[in-house]
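Residue numbering begins at 1 within each chain, and the chains themselves are lettered A, B, C and D in the order written.
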Amino acid sequence: MGPWLSPEELEFVRRKVPMVYVDIVPVRTDESGQVESIGLLLEAQDDGISRALVTGRVLFHETVREAIVRHLEKDLGPVALPQLSPSIQPFTIAEYFPTPGSGKYDERQHAVSLCYIVPVMGECGPAADTLEVTWFTPGEVRTPELQAEMNESHAQILRQALGQMGEL
Amino acid sequence: MGPWLSPEELEFVRRKVPMVYVDIVPVRTDESGQVESIGLLLEAQDDGISRALVTGRVLFHETVREAIVRHLEKDLGPVALPQLSPSIQPFTIAEYFPTPGSGKYDERQHAVSLCYIVPVMGECGPAADTLEVTWFTPGEVRTPELQAEMNESHAQILRQALGQMGEL
Amino acid sequence: MGPWLSPEELEFVRRKVPMVYVDIVPVRTDESGQVESIGLLLEAQDDGISRALVTGRVLFHETVREAIVRHLEKDLGPVALPQLSPSIQPFTIAEYFPTPGSGKYDERQHAVSLCYIVPVMGECGPAADTLEVTWFTPGEVRTPELQAEMNESHAQILRQALGQMGEL
Amino acid sequence: MGPWLSPEELEFVRRKVPMVYVDIVPVRTDESGQVESIGLLLEAQDDGISRALVTGRVLFHETVREAIVRHLEKDLGPVALPQLSPSIQPFTIAEYFPTPGSGKYDERQHAVSLCYIVPVMGECGPAADTLEVTWFTPGEVRTPELQAEMNESHAQILRQALGQMGEL
């Protein structure tokens, strides 16, 4: 019995309990740890192109650290060299509900997402369903124009991450 | 379709995905916020009596704040007057696995638990399956003797909470 | 030798070492801890009227908790009933320098300020040099118009506090 | 007027205001960020040999990041390659007073210290007044025997750091 679910099982479970997710803000920092740029994914979706954080589910029997590393590798490639913090405390949590109007919205499920800022030191290239990984300065990320290219839930988490890094 | 699951559904889901939990350390503080005492539950279990944190599942469609309030009310009664922080950031997360030896252990499930310290200002009395709520000073909680009356997972979270409150 | 300094001593010390400050965001919350409103001071200054956080110096021999309580009492009055967290971890630090252009600016000094969000439960009234204490919803505080009524350093801390409370 | 003070000036200032310090716990982590070892300094002091955290003052006009890097370089050498977090939030603060019995003790001064856990990736060698840098596993650091080789203030901060890293 592995951690992967059939589509039917996943559909069933998603209507029964909240799902555990991680939302990750990849960053590049200078030698004193100050953020220099923030990586956003460019993704093709049914309704067009949008920018997104690295995000995904924590599997049965998987640790949160393993899930963070797996999703970063999935979206940034195998040599991104993420530097996870020795503390597993998320900088915030995000709660998604399948009901429009009640906070963050995810039509598929109720999800509780642990949010992390993760510096990466290696080469990043698009992988999986990602068209491109683009790095923006904090000043660029603060603009409403760039945030409008993301869904509102991810834009909120991104602003919270900017606050956590002293860049709001 | 409410948030409560039949025993069979719950058993099924628990073998498919990690469950979202909260672990709560109730405290009493003085007027400057310094912790004065920590509340532990005395519970009767199959293998005897033990002390425990307030803990429980986050239900489908329930916010984390609602779950914290519900579980505190369940274990401390309806007039405990919990003072939740305006920040929903947990002070740590705890990961329980159904496999002995890999971190925290919970034979029933894989659970990712959000851990909070919550001051309470009202009257606390045992409710539900709790025999007693007992308040201990930080000095008492630091003793190996008291910690030995808890399962090791809860004792670890409690030590982390003491660290967070500057009481280690 | 008390904690208060003569003007000459304070002037001397301020050119020698960074000063320890606290910046405090007073909030009112609902019974689940969710922020409902944020209190800003209306102050008369040489160049007009502006809104500000509760802020002030930590004195020699004074604990950070004592400083928080003292400054809240100074600006919100003696019956504000602040509920300090059992954790003394600030949600961020703010660094002020007497040189324009290098981050936050304070012409008087280099200051390292510990930033806290503190719920208050009692009656708040203006005291000392404060003209008024005004409570704003998170939505109001997010507007550039209101933030333009504060100095930029306090507006930055306020946005970080909104992020910490999930209100950005 | 540089940031360095004459001994007389420093002595004067130390009796007037709290001093800003940093206390740093250097760690080595595995590729998922989990702590593997913790670096402690071996120092010769008047009353014998003891183990210590990396610690020191924040200078006038110096940022906290600059102070962290400077003190790590002073104690671990120039190629330790510290990886500071993009967030400047300390995991706790430590308050030292020149009066025995009131919390952490420092006969020289009242100090407010910002505490950080900093992963290092390079070579570390003793420098300045340090005899040796020794790396211990979390299990070793947890023992009362090792903690007894430190002053009690640093041992407390170290236990809090272990808690923050999920290693208590």
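The rule is short, and it goes like this: contacts are C-beta pairs under 8 Å (C-beta built on N, C-alpha and C of every residue); 3 or more make two chains touch, one makes a residue touch a chain.
Just so we're clear, the structure is a prediction, and the values are computed from it rather than from any experiment.
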| item | value |
| --- | --- |
| Magnitude of the superposing rotation for chain A and chain D (Cα, nearest 5°) | 180 |
| Pair exhibiting more inter-chain C-beta contacts, B-C or B-D | B-C |
| Centroid spacing, where centroids are CA-atom means, of chain B and chain D in whole angstrom | 32 |
| Approximate Å spacing (C-alpha centroids) for the pair chain C, chain D | 28 |
| Multi-chain contact sites of chain D, meaning residues that touch two or more partners | 63, 87-89, 91-92, 164, 166 |
| Of chain C, residues touching chain B in the complex | 27, 29, 31-35, 63, 65-66, 68-69, 83-89, 91, 117, 119, 164-166 |
| Chain C partner contacts - residues on chain D that touch it in the complex | 1, 5, 9, 12-13, 15-20, 57-64, 87-93, 95, 97, 99, 103, 110, 112, 114 |
| For the chain B and chain D complex, residues of the former touching the latter | 92, 156, 159-160, 162-164, 166, 168 |
